[in-house]
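Two complexes follow with chain A in common, the first pairing it with chain B and the second with chain C.
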Partner chain A sequence: MADEIRTSKISAIGGLARSFNSALFSDIYSTLIGFLSGTRSFYIILSLGVLTVFVASISGLDAMRIGYRHAYNITREIPWGIIISTYIFFVVTSTGLCIVSSIGHVFGIKDFMPIVNRAVFLAVVTIFAGFSVIFFDIENPFRMAIYNALSPNLRSNLWWMGTLYGAYMFFMAIEFILLLLKNHRFATYAGLAGLISGVAAHSNLGAIFGMLHSREFWYGPYMPIYFIASAVMSGGAAIIFFTWIGYKVNNEKMDAPMERAIEVVSKLTAFMIAVILFFTAWKVVTGLVGSPPKREVIKAMLVGPYAANFWGFEIIIGMILPFAILLGTGFRNVNMSFLASVLMIIGIFFMRYDLVVEGQIVPVFHELGVNEYRGLLHYLPSLHEIMIITGGMGIVASAFLIGERVFNGHKSEGH
Partner chain B sequence: MRLDLDGLKKDPPESIPAIERRQFLKMGLVVTGVFAGGTVLSLISNIQRVFASPEEFKEKYPYTPHYSMVIRQNRCIDCERCLEACRRTNHVPPYGYRTAILERTIPDAIGQKREFIPVLCMQCNNPPCVRACPTRASYKHRGNGIIMIDSKKCVGCKACMVACPYNARYFNEEKRAIDKCNFCFDTRLSKGERLTACAAACPTGARTFGDLSDPSSDVYRMVHQIERPVWVLRAEVGTRPNVFYMKA
Partner chain C sequence: MKFIVSRKRMSVTGDKKVCDEARQEDLTPLDYRTVKSLEEAKKKVWYKDWLKGGVNHREEDGMVVCDKKEKSRQWVVEINSLEELLEFQDKYGAIMITNSIPYKEVKKEITIL
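Up next is the complex of A and B:
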């Protein structure tokens, strides 16, 4: 009996290894073919992406050399700037991609299946881009690797976030490999593990802000909940955006299941826009009667220096217009859904930026009435910071394009 | 014993000793302050929450010594000798500071219109920075309650800077770590000195440093009285600071 189990185990492992080998070879083969058959514009865009990553790396290393205090516009009062907000932008997107893809892959809703492979691949890519960006914000990233393990602070949301996102990236990568190997049973388990760690990590990211009781604008249970809800919205937008471009890159026409998948993702995305609009409305209304520092932020958001970001980018471009487009086209027009997703991604980028910066613009001693901290604080990103975050986008763009070629339009789902 | 209330004669006000009258008036002022001003109320009651009732004070201090500083705000003249002493003692670079003096101007005040508020790390009993730190590089010293930095563990994520309600932290490039006031623990206290550099340098006695768990210390006597209001900064955050403010 025991021998039988052992033999079956061995043969299973052998089978896995064989399928891995054949998949590996076919991958390398298709990579070669894919690259050779690429069009000129594909290579131009890819080169641009790689070039951005290169320039960003130089900027990042230069910032390291001269010191972040000199290279970035962050200050003692506003220590978190656009690099942190872009990190959040990427990991929100990644978590969203994971959640939306899990609807198909983990929970078995057929309509979502066609988007799964691309979404899982991009989830890995975007979390990697997030880590790459934040690498240049953390002063001693190598110490983090050591002391995260040797000296963990279990009460720190930041520790949980970092550790869980590490696990998340691992599970998502495993899931993607298993999807390529068409090992769907284990891929589902890996997807479930990725989903659980991703949601836990992401709500911890929200809790980093939500549990800072000295920052009234962030403090409270709102942040973790908002982060998860807006992740689904971002994930939906990212899936529509990348799937549409993917088909353009491969010069193919979407088949019926894929069009159906885009339609259901569009519906989900529109629903999530409504949820976030609802959240935002109550955040503003409750903030208006909150403590004085919170009211200051809300004022800055509604009529102050951040009003253009809030009304223009967050509300109109990020939510109202896409919602109107999606609803107006009945979710069936793929091109219009793509347009909505572009607007959303732009708006969401500003949502993250505003969320991070606005939480810090009211000085901690504002209410003390001292001359030093009467007004609001200011922050605008420096060139180094902008270059680094552009590099993060370059990573996503390049990896996405290469992925389309290498994995042949992510069609191994076999629909 | 029965009191013959009817037989008591009314004392004329002049016969009450002046000292008794003054104390009674002071008590009235404090009580009025406590109930009238919401801010004063929250500040006073916060200290009571931290340290329980006066009889239990000593037992309730979690550290021995429980280092503390009392800032007599009205005594600060902004001479900045404390800042200089701090820089020199703790090798604070020009781009950072461990302690600062804030200035408040109240143009419509009668008489004096300006006051100075020295600030530093409040060495909170409930420190948001320590909770935020992912690697326990920021920690509360088990012996004396000072918030310390283990520089080699600091990853420089700056979460503690964002978490601190008192802007007490900055990134020190030479140490490659966050730096903050530690009551001169490494530079003075651990070498047998009894005062922090800033307290020792202050010519007006605006900064009093000492052990709050020692009833004979000055800080103990200043905090454990009800004649003059004692408050902490940003009591509403609930950090339970160990730096107290008063005017005396």
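Up next is the complex of A and C:
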């Protein structure tokens, strides 16, 4: 009886997903395909991507000229804004792509092999986009690079972040080059080195938040673990998203091994959504019985100014809907997996934004009852900030399109 | 009938022989593109590479397809009867038969689980 109810519920979700597919998205689908695969339109999209990067660069340089404190809406109380959260969005995606690709290329699981080349390429592209975005948040990025080597502070998480991500980017680039050269033995070693440095870098990024005593919302061992788990979810969504578009750009017929790869990545992604939902639920529950500043953040997230972001984007668009779509279609409908990945990417972007900004909205002196800081602090990104993060997205879009052309659809060995 | 043969967990550092019966063969990958005619294909951004990378360009099953010039070396077994297939399964345990990446010479793949 219970099985029958469960089966009927799943088929109902599947039916809903299919009707959603046929009714609402058929027009958008055909328009998108026509636009992506035509010669002229391909170059129009590419030009738009490059133009975005150009405009963003002008914006960033202008912000440098007039001073970040005038160009950005960050303050002494909220020093990390949308540029930092977008940097995290990109590096989380990059680490996730590295982890997902390593299941095939490092650990030898055959079903994951078809996605390897594209995932490694995108891992390099997204980490580069992340670095490009944070470049415009650091007052003197060149001095940072020089003194990283000349005067290392081994007790600083930020030093480790720069160093480990630098190593990660290097290994991933080497892995990609070796994959192109079909030197799989050394590509695997480079992939393993990339995986180790990536996981170390990324958990360390979580520790940057988790080791800040003064920010109750972030403090604790939760962050490094959460960052790795959510990286896998992001990586899964990204590889489904870009593989689907890649096949449309090249008008290729998706063969059985690639369909199987999308299926197993969809399953992994759905599993990670469940894990993150579980993490989020306990973050809320423990936060509600936590210290007063943490409770204030949780309340702002649940019923306050960030409730729309949390419930609308993070929970419903980012997790519940994609999970229902993936489960309802049995992970076998590539188009619906793509739709789920689009929703996830939107939701995950807001997840990163909320994580960074919400951690700072309660004033540090909140508990002392200082009159000037009785309420929550506010932050809204400025035009300069928005332009810079749009440039990061332009970098990914342009590099992806160029990669599809130059590397001819990222065919893996035996694929 | 020829089958590509592989294992669920692959050797990523070397090209180990998959099973006793397997031998390596150079196969011709088929490059399918989801446009209806060669005329339509000419307007696409990938057309020149596709034309240059293959031979025998044709329309087939509502798509265009060509035989790629660059061969792909794969492990292949020849199984010609149900008895041989069962014997193979007895010897290696659980196996899975799926559609392979499309090649001119082979269309199916046996994965030893």
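Methods note: the second predicted complex is superposed on the first by the 375 of 415 C-alpha atoms of A that agree within 3 Å, B and C clash if a C-alpha of one lies under 4 Å from a C-alpha of the other, contacts with A are read in each partner's own complex, and residues count from 1 in each chain.
FYI, contacts are C-beta pairs under 8 Å (C-beta built on N, C-alpha and C of every residue); 3 or more make two chains touch, one makes a residue touch a chain.
Source: prediction; values computed, not measured.
By the touch criterion stated above, A:T390 is placed in contact with neither chain B nor chain C. Shared-chain residue A:I109: touches chain C; no touch with chain B.
When the shared chain is aligned, no partner comes close enough to touch A:T329: not chain B, not chain C. In the superposed pair of complexes, A:L158 makes contact with chain B only, with no contact to chain C.
Counting residues of chain A touched by each partner, chain B versus chain C, the larger count belongs to B. Touch criterion met: A:T188 reaches chain C, while chain B stays clear of it. Judged by the touch definition given at the top, the superposed model places A:K253 against chain C, while chain B stays out of reach.
Once chain A of one complex is fitted onto chain A of the other, the partner contacts of A:N73 are absent, as it touches neither chain B nor chain C.
Comparing the two complexes, no residue of chain A contacts chain B in one case and chain C in the other. Chain C meets chain A in the complex at residues 6-14, 31-35, 41, 43-47, 49, 53, 63, 72, 74, 98-102, 109, 111. Residues 37-39, 42-43, 105-111, 113, 184-185, 188, 249-253, 255-257, 260, 405, 408, 414-415 of chain A are the ones touching chain C in the complex.
Contact residues of chain A toward chain B in the complex are 67-69, 74, 76-77, 79-80, 137-141, 143-144, 147-148, 151-153, 155-159, 162, 208, 211-215, 291, 360, 363-365, 367-373.
Interface residues of chain B facing chain A in the complex, by the touch rule stated above, are 95-96, 102-106, 117, 119, 128, 131-137, 152-159, 161-167, 169-171, 173, 176-177, 233-234, 236-239.
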